[in-house]
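There are two complexes below, and they share subunit A, which is joined by subunit B in the first and by subunit C in the second.
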Partner chain A sequence: MENRPLEYDYTVTKMFMLTTIILGIVGMLIGVVLAFQMAYPELNLVLGEGLAEYTNFSRLRPLHTDAVIFGFTLSGIFSTWYYVGQRVLKVSMAESGFLMFIGKLHFWLYLVGVAAVVVSLFLGITTSKEYAEFEWPIDIAIVVVWVLFGISIFGLIGIRREKSLYISIWYYIATFLGIAMLYLFNNMEIPTILGESAAGESGIGAWYHSVSMYAGTNDAMVQWWYGHNAVAFGFTVPIVAMIYYFLPKESGQAIYSYKLSLLSFWGLMFVYLWAGGHHLLYSTVPDWVQTMGSIFSVILILPSWGSAINMLLTMKGEWQQVAASPLIKFMILASTFYMFSTLEGPIQAIKSVNAIAHFTDWIVGHVHDGTLGWVGFMIMAALFHMAPRVFKREIYSKSLMATQFWIQTLGIVLYFTSMWIAGITQGMMWRAHDEFGNLAYSFIDTVTILHPYYTIRGVGGLLYLVGFLMFSYNIYKTMSARPVEESELQSASPMGA
Partner chain B sequence: MFHWLEKHPFFFAVGVFLTVAFAGLVTILPNFAQSSRPVIGTAPYSTLELAGRHVYIKNSCNACHSQLVRPFKSETDRYGHYSLSGEYAYDRPFLWGSKRTGPDLMRVGNYRTTDWHENHMKDPSGVVPGSIMPAYRWMFTNAADIDTAFAEQLTVAQFFSVPYNKPVPMRDGSTMVVKMGSSLADANVLALAEAKVIVEDMKDQDVKDAVANGKIPEIVALIAYLNSLK
Partner chain C sequence: MDIAELQAYGYFALTVILVVFLYTYIYHLYTKRKDADGHDYEDYGNIALKDDIGDAPVSPMSDDKEK
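Up next, the complex of A and B:
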């Protein structure tokens, strides 16, 4: 027994892998529909006039963002947690009936939450706050799901054999704490059924409706403190957790520098939260908050690039692996896009650049080179790495994987280049004056000119979706088509054999 | 220190939390009270306007339209005076938006009229050739939720002392009182009276009939809200 490696229990990992794929397809499909609706508005009626209310751009838009954030990404985070957590803490879920129960409950309640979100957003039940659209009953459910995630993390840490916490665990802990704090404070709201009329009536109107505890400028401050850092603790921190585990594992290389990971981690923790103000430049929030937001956004390059450089240098002397293995390709491109995105963001946060960029498609482009390139690629790479170990089968097709990589990379490039041009074009046209000091363009001029870019963006998004379907098929075939290995593959690359 | 923290998860978590929470406190708290004070001339929303605001939110109008005029010549030329913090004092939630696929709406009540909105919501590209905005025809048949709007008025009056039924100072030195119903029935009567004024400028016969029969379609509430944005 002593000399045999631990057998880990991947029940919950598998469950969340499934939702990662399904919600990924749903979210990205809606995204592609939205992209083409902007190029061809007739598509708002894609299912006919009768269903127009539910297929309309404005109803679908929050569904897209929430499906990819809270569906695809969050499932990916949970799925990798239930895999990485056991392995680096050297303890199996099977050793604790309690943690197994919590893990499964976590999954099923999460699924209930997802269903509630989908129904409510289709019906237009929303608080309007971006990535925090859910009304109070769903908020409560989300808090419960999050607490279960926390119990899983700290429960597993509590029974660990490896005393020292690996870097990935730092990031998972930070994800849990960060999101918990942000979500709670941003969703402070009062249900309107509490209002009582002079005639003594109460419980009036829709039971699920609520009103924010903050008004106007304060509401905006809290929302973007949340909104920006939901990106931090949803799209950055847990994804860094993944790459710190999966890249060394897959490449067989040790992390380049422990000191650099220390600096990056604590730097990121300290700096990120200040940067929310860059969403509110030239708004009515106090000037000093805007300036702080701008400055800290630029400082944020340091810890972000710290992690990314640490990853790239981990490959030192082993660069031939990038050519040989599609899985390494995914991870190296992911960290490259992370560097790219974390340089682009600070540039947009500089006040004079922001004056042009804000409210335009350049911001949309920035979000997507981060999410498609960094988050999407890293989560897919993680699933590709986990699948052979979890299902005890080799990856179905390596060539399908390589093709997928190039199709999706092309998709991302089309996406962000078209959005750069669209955003800067529109930003410049809005502010253009003629020789007499009058506005040079009416607003509609700045819309119609974007048509070709919207079309290119739609094609880019479609390519990414096609790649994602190839990924789903590859994982599906891995699960079902190949014979089962006798025991878990201990160190073999999924590319081997 | 870091090595020690990595072996003590509790203290590690506390350390992370303090590092993370610090910035929020420092940036959000200092100006909190000041930022929520209304400027003179800003009044709370009437029941019908608030119901219209809910229609605006229900259909994510804020996904494509901002309500924030930045202090640049190009923006004040296009949309009017730049935004002031106090103008948002009664906005729960704020609706600044983060993307201008369509134009800003902060002061749309100054330069668009009821009949313009009516035609535009039915067929946007018929009014603005080249527009990519979808039509919102269901708003002409769906009923506005006056009850929930009233419940929200009661809630904000109770919890945040929003001045309903109280004089609010206006820019010309006068005062104005925004009425809130004393009961649900009363609130519906008030909203209907407001709706009747709006439909006088509308053409759609079904909408006019609905209001004459005591029902308020979403479009009427939405237009009341858009007209209030000044």
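Up next, the complex of A and C:
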């Protein structure tokens, strides 16, 4: 056998890059369709009455959320893990046949899970729990996929050469443990076929149907403990892991303060888990749960901004790089949007503000400036950074990348500003009343007024999707661009014109 | 004292303990500056920058074996 020097093995990274892009396109496309259905309801019937079952808003909505959360974002997390993990632990996947096998199995089982989710949700098979719609057979498959991810993480750590775990590794471990705990507890369910009704019937429903083990208020509390912490351990923690690696690496600057990164990590872990109660303000859960959710949400500003400021200060004295490199622009705007949405969230969690914001489009706007601005931008930046290194070719086009940046930024701004106006308008109209306490408006009055803002939101989403297609094309063309030497890859990524 | 009251006191005590732990950790980081192995915490920022497979680890695993 030829005696070749040891190299990092990016096979699994590349596999997950592919699903990041494909599921990103699918999830965002469905999102844009949904946005226009809100503005133009006749689009629910876009493929005719016969297929309306498959094209209506309610059937497509979980497909959008699950495709972007469990498809795009999760693939991005896995893809970056198999890249960052090897590099900061200084150990190659090629050194362990076992870990290589686990990595590939992880990908293929994940793909089976994705297929099962897409088919079942299109067929309308759902547990009806938000962001946890999968029925029990799929839940079990997802647990297996997650265990494989865990074996990969701890397996690589077990054979590492770098003794100290870089801060990103801490965040990846927290992602693994956090989601494992949340997913298991929220999805405790009993197949209906095993149950017996009060009337003595047994074997009820299809074999794959289940009911939650929780009911009423308990179900709501567990659900939002899960829902909010899915944001924590799916949309925050792993994305922080990415930026702590990719921003220093791309800019050639070490993290501004490693100590600050450590203490914001523990601060975030400590505070985030208690904040979920803010989703249930003014509902039938104990008052202390609501107050606790509110208070912890406000405290959450501290560790969030601790990380975000650390990222921005990493560019201290190097701000010319932000102007020069579209890749760094993506990351700096991502951390800026992180600061923005981690301030907006706590404001919405204050009880008096929530009295206006709850159930309105302002919440939808908040979610999207976090996901589009922070999660989406950071994952795309990570793929842009990894592409030249895994394909050993320069990024196909720098100008395409810069154009994409501005188109998508405009898209996000249109999205959240329209939802701000729509949400606050809605909130004010719903609570307006005359001197006798009669409501001033009926629901349809708000719908009529909001129509222009829904259209603007649709356009904003469409711009973001167009940008994502440009990103996909750029990555695709990178695979056949000019090959680069190892020395070009030290920090800033090589880019074609 | 019923169970709910006990839980409330327990919850409050746990919160206070965790806050004390967190601030003690922050105090420790900024006064000691170095970890148990004698590495300055800020050196670990270089783990991301010097991450080629041929680069020397910032704190090699083999340190342990030599000692």
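As a working rule, the second predicted complex is superposed on the first by the 465 of 497 C-alpha atoms of A that agree within 3 Å, B and C clash if a C-alpha of one lies under 4 Å from a C-alpha of the other, contacts with A are read in each partner's own complex, and residues count from 1 in each chain.
By our rule, a contact is a pair of C-beta atoms (placed from the backbone, for glycine too) under 8 Å apart; a residue touches a chain by one contact, two chains touch by 3 or more.
What you are looking at is a predicted structure, and each value in this text was computed from that prediction instead of being measured.
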- Message: Looking at A:Gly252 after the superposition, I want to know if it touches subunit B, subunit C, both of them or none. Which is it: first, second, both, neither?
- Response: second
- Touched partner set for A:Tyr8, first subunit B, second subunit C, both or neither: second
- Query: Taking the superposition as given, does A:Tyr453 touch the first partner, subunit B, the second, subunit C, both, or neither?
  - Reply: neither
- Identify the partner contact of A:Ser92: answer first if only subunit B is touched, second if only subunit C is, both if each is, neither if none is. second
- Where does A:Leu262 make contact in the superposed view: on subunit B (first), on subunit C (second), on both, or on neither? both
- Message: On the A-aligned overlay, A:Phe270 touches which partner chain: subunit B = first, subunit C = second, or both, or neither?
- Response: both
- Message: For the overlaid complexes, name the partner, subunit B or subunit C, with more touching residues on subunit A.
- Response: B
- Touch check for A:Phe340: first (subunit B), second (subunit C), both, or neither? neither
- Message: Going by the contact rule set out at the top, does A:Phe235 touch subunit B (first), subunit C (second), both, or neither?
- Response: neither
- Once the shared chain is lined up, is A:Lys163 touching subunit B (first), subunit C (second), both, or neither of them? both
- Message: Under the contact rule defined above, give the subunit A residues that sit at the interface with subunit B and also at the interface with subunit C.
- Response: 163-164, 262, 266, 270
- Task: Please name which positions on subunit A make contact with subunit B in the complex.
- Result: 37-38, 41, 44-45, 49, 52-53, 56-59, 61-62, 124-130, 154, 157, 163-165, 170, 173-174, 177-178, 181, 185, 190-199, 201, 204-206, 209, 211-212, 214-223, 225, 262, 266, 269-270, 272-274, 276-277, 279, 282-286, 289, 292-293, 296, 355, 358-361, 363-364, 430-433, 438-439, 443-444, 447-448
- Query: Which of the residues in subunit B come into contact with subunit A in the complex?
  - Reply: 2-3, 6-7, 9, 12-13, 16-17, 19-24, 27-28, 30-32, 35-36, 57-64, 66, 68, 70-75, 77-78, 83-103, 125, 128-138, 145, 147-160, 181-184, 186-187
- Residue positions on subunit A within touch of subunit C in the complex are 5-8, 87-88, 90, 92, 160-164, 166-168, 244-245, 248-249, 252, 254-255, 257-259, 262-263, 266-267, 270, 288, 491
- Query: Touching subunit A in the complex: which residues of subunit C?
  - Reply: 8, 18, 22, 25-26, 29-30, 35, 37, 39, 41-49, 51, 53-55, 57-64
